[in-house]
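Reading through the structure tokens given below for one structure.
Letters A, B, C and D name the chains as they come in the text, with residue numbers starting at 1 for each one.
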């Protein structure tokens, strides 16, 4: 595929990249951080969390940086008071939607939701908590799923489908009732498709998918395997 | 290569209705895009989609179980639970709502002691809601076993389900 | 400079925030020059005074008693500080919310194989239907997250308030810290 | 060649009709059927046989005339002599006094409801048998396709649509010709045409009626589009809740295939085109183009970020044209009568006519078609006959869950895309629900938010959680438990959800709240501050004096 080099500005800084790159990719290359939760390098783009919305001069509305390719002369602003407010609001909604008790979570200190909230300066949740009654699936020998901590980023669904190829996970239901299921909403431990590879656990940004035996704040996740797999597949 | 007849999984039972389901899959060449059409054919033939049906479709269309379940639970038209002998569908479209559909629903819920979307304990009557039946000129409407009751009232709707209830007893 | 009148209260929490407060060690001495502690579980005052400058609240609002207390405190306090995750988010106490108070009482008093399984009713304030963060029942002026908030952060927050500044805790603490 | 075939069919049909003195069109739309028109039709046939009139009188299935509330309707020969509220009991009377209907039966067709309409999409309203392609062809059907295939290049066809000024009838009003041109120019071996018949707005039934009454016209429009953009396959995506429309469309496809109007080398030209029906399954979000495509592919109806637009990458990654039922139904008339004719109807920026489903608190509810630019007042008070029971008009809701409520002071607004948008509503697909003083606007906003909450696909966070939070806030307002801070929260959420949601469903979900806040803010304040529901709808607040303490 041919790609052209284009020049644009991000936060007033002149940068250039290939026109098959996204705003987010180019920003990260240039050391500009944009908040994000559903995006993970090596997985397909879904544009679901909406944290990476940026302002593009002349565009009708806000633009998802993860899902938008750069073009010549684009003028991008990744941070503004308005964006900061929206991001705080989205993060607050995620906290209010599930049930995130950071202090007793295996991912405490290593959780991307928690980190994003701290970056955004969230010190309390102004919206009412929805207090859903969600399940914990501890049927798998090695892993567990605490749906209370799930933010529906679907990284697990994508890694299982796109990298492992097992397609054990999917989203069931819709709207506020949507949730992650394995097979026919079968207990994870009884899934006939799961290979127990654990990739879903590693890419989960919160403590929703966890390794059994990890205690509070002990669960550190690593996603570096993704770039290795991607690189090796490209070589093949 | 397209799956041949030999690759079609055996239906869950010798119920003849499975032939319709298999025919639907075949008509679409057993492609993955046949999923929704196949779910429709199960629902139409059996009234609901049970675990056996989900498994059968997954094998027939070579789809992962999670995809079949995810799709079946995404669309409101599909139900994974058996419905009652009679169904009473209250339209909650805007025109019906403006003309008092909520009162009709409340009256039916109270009379049947079930919430919308539930079936009475004796499996006689399912009370359902529809987002809009597209018969707004006749609002408010209730559809009883497929028959449209136009410009109806809470009282008339309750009377009708009471007839079903007395039939069930008698 | 007049010393500011500081109170601390303990609602539904584990007292960890108060422990963290005490962990300030020698910084307590620095604070002592700027504050007068007028009410606290750490000291023995019976009545919450009518004109407190700053009140630190540890714990969530779980019972009717908590609710009355915090409403009274709000009226008598200029600046109300939610100290720690229980006060701010409901934290561990709120984990009962999806189940309701009855389920929790049954579990605690009837199902755990006690010799005399009975739900206490005398001298025990009735539980609210759901455990609430403090700011959902009364206005809160300052939030100091953490479980517990580190001592240094509590110091920074209180010191700022004694100096008439708005505490800036960005980057110093977070939920679950 | 095709024209010869069309002439032959027409000639044969006219020959058949030669001995007939009268043709009775019994309305078989969903509305009239539910009022018993199928029984009326049988009774009529029996009565004619008994009277020995069945050789000179024909009873046919007719389409909807719009005035569903007066059904069942039986039209004698045309549009002026129509019997209303026909029952099996008064069938003998109808037959006896066919040319001189008694007042009890006669529908006053000179009333504004009929007089003030202009029918393009709904042309031949009621006089065509939707089950017979011969009937459609005799009325001039398929001459447009013939004209396009034999007299016009695909590019000229696109140009004709472009010049007509037709804009998408499903929502935002994107220029149809421009869309066709984009897909026509897109590179791709395979291309697709999709007709969106998943009419999801509650309170809208235009597309149901069009699909039920004019299935051939829909097919003709889709086929012309296929020719214009270079597609080989078309899909009709239809709500499963519309079984009659599905049945008639499927039958129409078979009939068209049989005489070579679908399939290989249509009319002896190199153009080949097939159409299949795909059933929707009850998901409002599938009205969104990318979600609809996912659904046809057999997946969960999740929208995806655009660009790429379906015109470049749509169904199975191929360039895809998506228009709704009404848009496709405007195509044949435009090709037949010319772009200039169509562009001569309507306003400067909104050309042609628009079909509306008029319902709610208005005397004549039903389906209407008016030129763009007709005022809301004319629609409500002349065509609709005003508000029943002597009550006061309060608002008209357009655009469904993505639209807004327009108050009385804007009744003189001409209906076009820009004017409605300026009022904070949208044209939408054409639902118009009239509300009087018995409707509480906060409750209406809550109703629409509940709809959006249950129809949110759940993919993006702002829509999934935001609609739930907004619904909760509206619920506590209607329950009298909210504070002014809650109202502030609600407004902030509206702004955030509108600005950050992934697709149109989320982006427009706050519209009913924003528009009611704009025009009826006092009702919100009354619920919150005075604990009083001015319309007396919110039951928790029905006793103002007590609650006000």
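Going forward, a contact is a pair of C-beta atoms (placed from the backbone, for glycine too) under 8 Å apart; a residue touches a chain by one contact, two chains touch by 3 or more.
Quick caveat, the model's predicted, so the values are computed rather than measured.
Between A-B and A-C, more C-beta contact pairs join the chains of A-C. Between the Cα centres of chain A and chain B there is a gap of 35 Å. Chain A and chain C have Cα centroids lying 34 Å from one another. Per-chain Cα centroids separate chain B from chain D by 24 Å.
Here the CA centre of chain A is 39 Å from the CA centre of chain D. With touch defined as above, residues shared between interfaces to two or more other chains in chain D number as follows: 283, 300, 454-455, 457. Residues of chain C found to touch two or more other chains are absent. In chain B, the residues that reach two or more other chains under the touch definition are 67, 70, 74.
Applying the touch criterion to all chain pairs gives A-B, A-C, A-D, B-D. By the touch rule above, chain B contacts chain A in their complex via residues 51, 54-55, 64-70, 73-74. Listing the residues of chain D that touch chain B in their complex gives 30-31, 33-35, 67-69, 199-205, 208-209, 239-242, 278-284, 295-301, 357-361, 365-367, 397, 400, 431, 433, 435, 439, 444, 447-448, 451, 454-455, 457.
Contacts from chain C toward chain A in the complex involve residues 82, 85, 88-92, 94-95, 97-99, 130, 133, 135-136, 140, 143-145, 147, 169-171, 174-177. The part of chain B that touches chain D in the complex is made up of residues 31-37, 39-40, 67, 70-71, 74-78, 92-95, 97-99, 130-139, 141, 147-151. If you check the complex, the residues on chain D that touch chain A are 283, 300, 304-305, 307, 453-462, 464-469, 472, 489, 492-493, 496, 499-502, 507.
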